[in-house]
Every structure is written in structure tokens, then in C-alpha cells.
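Listed after this line are the structures, all set down as C-alpha cells.
Heads up, the next two complexes both have subunit A, just with different partners, subunit B and then subunit C.
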Partner chain A sequence: MTEQVENVNVKDQIREFVREAAQRKGVSEVTDDQSLVESGVIDSLGIFRLVAFLEESFRVRIGDEEIVGENFESIAGIERFVLNKLNR
Partner chain B sequence: MNFSWTDEQHAFRREVIKFAQGELNDDLIERDRNEQFFCEGWKKCAKFGIQGLPIPEEYGGGGADILTTVCALEALGYGCRDNGLIFSINAHMWSAEIPLLSFGTEEQKKQYLPRLVSGEWVGIHAMTEPGSGSDAYSLKTRAERKGDRYILNGSKTFITNAQLADMVIVFANLDPAKGPAGISAFIVEKGTPGFSISKKLHKMGLRTSPMAELAFTDCEVPAQNLLGKEGSGTAIFTASMEWERICILASHLGAMQRMLETSTSYATDRKQFGQPIGKFPAVAGKIAEMDIRLEASRLLLYKAAWLKSQGKHPLREAAIAKVFVSEACIKTAQDAIQIHGGYGYMTEFQIERELRDAISGTIYSGTTEVQKMIIAGLHGL
Partner chain C sequence: MAYVLQQLLSASAKRYPEKPVVCARGKALTYRELDEHSNQLAQLLLARGLKKGDRVGLYFPKSVESLAAMFGVLKAGGVYVPLDPQAPAERIGYIIGNCQIKVLITTGDRLHALDSAALRSLEFSILLGAAGNGSFERDLPWAALSEYPSTELAVQNVTTDLAYILYTSGSTGRPKGVMLTHQNALTFVQWCADTFRVTAEDNLSNHAPLHFDLSVFDVYNSVEAGATLHMVTDDLALFPASLANFIRDRQISIWYSVPSALVLLLLHGNLRAENLPRLRIVLFAGEVFAMKYLRQLAELLPQVELYNLYGPTETNVCTYHRVDRDRLHGMTSLPIGQACANTEVFAVDENDQIVAAGSGKEGELHVRGPAVTPGYWADAEKTNKACLPNRFQPHFEEKMYRTGDIVTLSADGDYYYVGRRDSMVKSRGYRIELGEIEAALLSHPGVREAAALAIPDEEVGSRLKAIVAPHSAGTLSAKELQQHCATRIPKYMIPEQIELRDTLPKTSTGKVDRIQLSRTQPQPV
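On to the complex of A and B.
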């Protein structure tokens, strides 16, 4: 049960972060599976902002080699990546 | 919070200074005038272990943590006045070795790192193009996949160590429709058909560090020369820039210390109006400001390196350190010239060169303006 609550929380926080980033870039809606780089929501600097946010919010460590497209492709991808780390 | 170096780091620092002062400063005025790279010095540094400092021992490196590396590079900057040689070494470490270490396959690491660490090979990094500098990801160099090969076409400019390079990490877009997500990095070895040095470039400072333009014309590389995955070019570039922005100016700290000491000693010895010029508040104030800038620069750079050593991504701190240290070094070199009066402006005194060498610090690895954009961006702007 606690794990489920945690998972919902992770997704909500990620969504909120992405929503704010999208707003700044003038993108009004982002679905869970939409490519964040291709749609211009997360640019080269945005990825690092996102990494800093994840490290801070979820107390995870993210190596340079993990900062690749597939882990940060979409809201769903980011969530998978973070949950994988938290459950390890 | 602990601001002290360990005894081992202190001892290492002294060793680096002794080595650098004894081995790396010969004929520097001539070399600077003739834009001559100090090949012997490069080899000596590699033998001493500088190029391999942060690389794990299994690839022939020293396995030093980032703070020890910064400590050694600061000492190198203090002992060695050939800022061009130091710049060439830094470019090789942060933009070739580190991306290979972080993103290379085991095979790529085994193939290239030992040769780069030993100084036998020189590695370079080619991102900038005539039409794309700060806006690096708008690059025009194209990569096309053809069976088990990639074909590269395009040109690169301002490439440090180009003439010396045995291998290049070149950034090209595989799928321009995807924008930056199409950018990928490829390893190209010297002698690959279609890869050439197109034009040697001449510079204001760092003249002992070679620079040139590169051309890729239907340059074919095997698929296994892709670094990281297709589309991970932006991640590779940003990760290596993060290391570079933290570490490349560590040697500036040593140079600033050296200029502070030289200027203090000159202000003590040189007499005008019957007393040492250092007794005049206007001159003494400059010495104090040199010290203030040095201390602040150290704290900013050490903090960014410390955060990195804690596994963090100090985007903000690295940008702040990059802006502050590069500008502090220029101001300190200018003050050093002013304190030395007409002598400071003469080549023979080897201070005017420090200013010429320092100027580009606000341009490479992302300009001051770009760093400020990064910082402001983190505030939501």
C-alpha cells in the first residue's frame, strides 16, 4: 500500500515539474508518453535541470551515463527510471 | 564542512609544483611567439600522470578523485607558465577522455583510454561549427547510417589540438527532423578517408595550444565507432561540459596565485618617489583585490568540484565558478600588468602573455553570457 502511494506521488511530482517546463516553452499539453525532447519541452539544459530536480526530490543518484534520451524520453519513461532506482 | 586538503594532497601538490617549475617553462617566450606546441612537455606531463589523473587505474590512469585532480591542476597552473600546454592537456582530459569513460563501451574504453592516458595519443572534441557556437545544437554536420557504417559530412571550427589529434569525438545530427534529439557522437581516427584538417587558426593567446578547422567529406566510420547511443550526443556534450566547466579553470587558480606573488614582490622591490610602490594605497589595494579574487575563485571552484565528488550534477555551481574564475583571472592579469607599469607590458616580463592567455576563458566551454543564461534559467527565467 505504501509503495502504491509512493508511486502516485512520484508521478505527480514529475508531471508537475514537466508541466511547468512545458509552460515556459509555450507547450500547453503534455501526455505521459509524449517525447519531451522532440516536442521541445526539455532542451539540453532542461535535462540537467530535470536531473537536479530528481536527485533533490527523490534522493536518487544519477550517473552521467544514465542521462540518455531513453530514461528521459517522456513522463512515463522518467517515472519508470525513478521507480527502478527507488526499488533497487 | 571541511576546507582542508589532506597531507597526501598537500604532498602531491608540492610534487606537481616542483615538476612543473623544473620541467615545463623553458623557451616559453619563443614558443609563444612561434605558436609552437611543447611536445616534450606534453610527454613529461603524461609520464608524471597528469593526463590520466581522473581515469581509473584499470585503463592506465591515476584513479584520483575530482578534488585531488583539481588540486594537482591548480599546482600545475602555479608551476607551469605555459598556459597553452595546460589548456591542451585540459581539452584532452575533459572533452575526450571523460566522455569516453562515461559513455564508451568497454571495448572503446580499452582501445582508447590507455593510449590517451599515456599521452601517446591526443584526443579532441569537435562540436563548434562556423554557424553554430553558443547555439551548439543547431549544428549542420550530418551523419547518415548506411548498413554497418555511418557517413559524416560537415565542417568544424575552433578545434583545440586539431593538428595533434589521433582521434576525434565529433558531433553530428543523424536525424535533423528530431532536432537536438538527433545529435549523436562518433569516434573518428586520424587517417580515416574523408577526414582532414582544413585550416590552421592563429590566436591572440594560448598560442602554444594548436587549433584548426576540420572537414568531414563522405567520411565513413564503422557502426561500432558510435559513442553512446544514437541521439545521446546532447547528453554526452553536456556531461563533458560539466566536468570541463568545473576543472578547466583549476589551473587559473595557480596562475592567479603566481601573479599575486610576482606582483607583491615587484611592489616591494620597485621604488618610486623614494619608497616601494606597494606602500601606495592604490597599488596595495590592487594586491588585496588580487587576493580577494583568488580566495573567492578557490571557494567557488572547490565547491563545484566537491558537489561533483558527491555524485551531484552542479550545473549552477559550475556555471557560477566558470563565470567568476575566468573573469577574475583576466582582471588579475590586468592588475599585474598595471603594477609592473611599462615593464609589465613588455613580452620579456611574461605578464602580458598571461592576459592574452586569460581572455579566452570567458569564451570556451560556453561563454560568460551562456553561463549566465544557465544560472538565470535555473531561476525559471
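On to the complex of A and C.
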């Protein structure tokens, strides 16, 4: 039960951060599976802001080699990546 | 000797028909295929009525088809206009109307996001990928190319015809189209071919977007040499570790990008010289490379020749400096160097005198020669301000280009960049007129005054900030203004930070005092 609550929380926080970033770039809608790269939501500065946010919010350490497209392609992808780290 | 760009492809296609010319997104084209596809596109365009000098917009994410489109348009005698695939529809609509684009090569979703009023000049579109619902009857799928003959067309152009138009930020709120001729491009390509000794064994990267003039080297010098071009798509460009692997796996031998991309690679890419045995040249341009990072890069890649290239879109690269590792340690700033072959540069001081070497005087850099643009599309006023009669050369009429860049000239003949005469800034290599950002902010009905500032930053050149005074307090939020900007200017021009104030400081002439505003900003660490 507690783990499920935590998962919901992770996704909500990521979603909120990404949507906020998207709005500032004029992208009003971001679905969980939408590509953040293609839609221009994340740029080369934004990616490191996002990494800093994830490290701080979820107390995880993200190595440079983990900052790759597979882990940051979408809100759902980022969530999978973070949960994976938390559960390790 | 090639006198138009498409001849570079015809020559290499004869020599290296089965060699790959371009790879992107898991697709590759050989020289023969690129030659044939571009012939087919040219035949299609001519069959559908394209005339010499007509503009064709390229509005899609870069891919192997980008090269077929560029060469196809040139072979048909047309002028291509690469459009930022990420730019807001409103801005693209303006450009289409401004240079009267007749044919648009794009994707279905991009076409439908454009306002129909903006498409009045358009005769038809060629759609890549899924056409999407409701494509117009007059539009064609890219696959229609296959119905046209792939036979070569006779060259109809001369070297002073336009080849492409690159739109760049304009100080009065609208982008301006820099016209470039075949001769402009070839002057640069020829110099690069000689200086960097590009060969058919080379693998070149293409990091810059195609609407950015750094890509002219990548594309045309690859094709000139019979080399292979490896495009860096957005899914790679954003992730330094992936990009470092790309350089290793594609065995890139010549890399060209803005310094900020190299800084990201340096800080987060885990670059190792032993993984990059083929890398022999790294070129950078577009903004100042912070010395601290340049020194790190020079140490990390001891076998690689490093070059600082300098030049505005209006001249492409006009000066260059090869980094000398022995001198690097004692240097406080890197010179932009000396003029490229077939180009002359000189600095003109405030008394209208040419700055002498070693005088320590500052002057505005001017450029003359075949690399210089004929001007801005449909904008005689801006053209006349930037492309002036060369009063330093009395024997015949010619133009020189005023760069707006203030420089000094050292005793050993190297130019050093000092700053700008106006309010153009660079961020991640993008050329940005602060006036265009201010115009976007002021177009919001709630904004009374706005000033855009560039905060210097070692990693990205500068970060953008705006100070805005609303008509009535408490009615505006930073986020709302950023969203508004996003409908008018590209994402890289949107201020990261917007501060709301009651009023902005003014100069004695009543203008917003940018200097006073900049002075009150926190200094970068």
C-alpha cells in the first residue's frame, strides 16, 4: 500500500515539473507518453534542470551515463527510470 | 571547378557512387541515391512550374531527405529556405510570406498548424511521412518523386544566383532573411576544403540545425570531398553521453559545433581520447569559448587540431584561428584570428580610420570579398545599413559588410573580439536580437514596458532574462508571458527568467536603460 502511494507521488511530481517546464516553452499539453525531445519541451539546459530536480526530490544520484534518451524520453519513461532507482 | 553548389554532388556521385553520403535516424543514402533523388525532386519541381530563383521552404526535422531537398531545389534552379522545425507557426508563416515561398517541403502536422493566410504565396506542398488528415488536394507525398526521371539536369544558374536564404533574428521584432549566393557558399567551402584537407575517408558530424550556417560546412564539405555526413538529431544532441558514443561509434573525424555543445560533452560526456582515435579536427564557432573549458578540451584531446572560426551568417566564416596549445596557457582570450583565403577583413575606428596592427585601438570589423551576402531579402533599408559602398577602395564600386562586432588587432595580425555595437547577443550559439524578444513581450496587451537582457554564462554564452512592467500591477505572471512569447519567437529566444516591476529605469532620452538594468543583475559565479 505504502509503495503504491509513493509511486503515485513520484509520477505526480515528475508530471508537474515537466508540465511547468513545457508551459514555459509554450507547449500546453504533455501526455505521459509524449516525446519530450521532439516536442521541444526539454532542451540542453532543461535536461540538467530536470536531473537536478529528480536528484533533489527523490534523493537519487543520477550519473552522466544515465542521462540518455531511453531514460528521459517521456514523463512515463522518467517515472520508470526513477522508480527503478528507488527500488534498487 | 564547381561554380554552383550542385556540381559538388554531381562530381562526387561520379567518383563515389556507392559510398554513403549521409546517415540520419537509422537511414543512409549513397552518393548515387542522393544524386538520383535530388534529380527526381528537381524534375518534379520543374514539371510543376518552379521557375529559376523561386523559393522552396524546407520545414521538417533534419533527415537524409534534407540533403535530397537542398540539392533538388538547387538543381531546379530554385532557392531553398531552411526553416526551424521547432519554431512557432506564426514565425514560420511570417517567413513564408516574407520571401514568398512557392513550395513547402514539410510534414502534414506542420502544414496544418500554419495559418492559411500565411500560405497565400504557396502553390503546393510536398509532404514527408504520414500526410495526416485533410492535406490539400494540390499537395503531393514525398513518394511522388519516384514517378519522375532521375536523369541529370543541365545547370541553368550562374555563380551569383541565390542558393539559399537563412533567416536570423531581427532587431525590430521580425526575422530577416540573409541571402546567400552559390559563390558566397563556394568561397567558404573551397577555403575549408583546402584548410582542413577534407577527404573521402573523413566522417563529418552535423550538429547544427540546417537553418544555422554552421551546417553549410558539414553538408557541402562532406559532399565536396566524397566524405560521409552523420547527422546529430535532437534525441542525441540533448544527451552528452549518447553524443560521445555517437562520435566514437561513427568514427567522426571532423566535428563542428558551437562551443556550448562542446562544453556539455566535456562536462557530462565522459570524453576519452583513446575512444576517439579517428577524431582529427574540432571546429567551433558562433560564440565565445570560455578559456577554462577550451584549455580542458585541449588537454583532453591532445591529438586533435582545434580551430576557432568566426563570422556572421552574412559572410559565413571570415576569420579563423588555429589553437596553439603552447600559447593557450598564458592567454586570457582566444583571438578570432586572421582572414580566410579570398576574404579581406579590416577594422574601422570611430574616426573612420582603419585600425593598425598593434595600435590597441578598437574598431568595427568590416568584410569584403566574394563571401559577402548581397543583402537581406526584400529589405533595402537593412541591406543598405549593413552592406555599404567600400569607401576604402576608390578604384571601382563594391560593397563591404559591417559586422557590428567590435575588435582589436594585435601586433602579430590577429583580431580579437571585444563586443557588439548593438544589442545582438549569443546564447548556445544562436544569434538573438534582444529587440525581437522585447517586441514579442510588448505584443502582449498587458505589457507596458519590457527590456531583455543577456546574462553572461560560461557554459551557454548567455542566459536570457527580461524585466517587464505591466499596465496594471498584479495582472501578469512570468509564465503567462513566456507562453505568449512561445507563440512568436523560437524556444531558444524565450527568457528563462522574467522579473515584473512597476517601472523600468530610463536613459536621459527616455529609452529603457539596459546598461543600468544589466548592472543591477547578479554577477555569474
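Heads up, the rule we're going with is that the second predicted complex is superposed on the first by the 88 of 88 C-alpha atoms of A that agree within 3 Å, B and C clash if a C-alpha of one lies under 4 Å from a C-alpha of the other, contacts with A are read in each partner's own complex, and residues count from 1 in each chain.
In this section, a residue touches a chain if its C-beta (ideal position, glycine included) is under 8 Å from a C-beta of that chain, and two chains touch if they have at least 3 such contacts.
The shown structure was predicted, so the numbers you read here are calculated from the model rather than taken from an experiment.
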Would you sort A:Glu16 into first (subunit B), second (subunit C), both or neither based on which partner it touches? neither
Thinking of the overlay built on chain A, is A:Glu38 touched by subunit B (first), by subunit C (second), by both, or by neither? both
A:Glu55 in the overlay: touching subunit B, subunit C, both, or neither? Say first, second, both or neither. first
Is A:Gly26 touching anything from subunit B or subunit C once the two structures are fitted on A? First, second, both or neither. second
Intersection of subunit A interface sets (partners subunit B, subunit C): 20, 24, 37-38, 40, 43-45, 47-48, 64-65, 67-69
Mind pulling up the subunit C residues that touch subunit A in the complex? 61, 86, 88, 234-242, 260-261, 264, 268-270, 428, 460, 479, 482-483, 485-487, 491-492, 494, 496
Give every residue of subunit A touching subunit B within the complex, in rising order. 20, 24, 35, 37-38, 40, 43-45, 47-49, 51-52, 55, 61-65, 67-70
Note: in the complex, subunit A contacts subunit C through residues 20, 23-28, 37-38, 40, 42-45, 47-48, 64-69, 72-73
Contact residues on subunit B for subunit A in the complex? 102-103, 136-137, 178-181, 228-229, 231-232, 234-235, 237-239, 242, 311-313, 315-316, 374, 377-378, 380
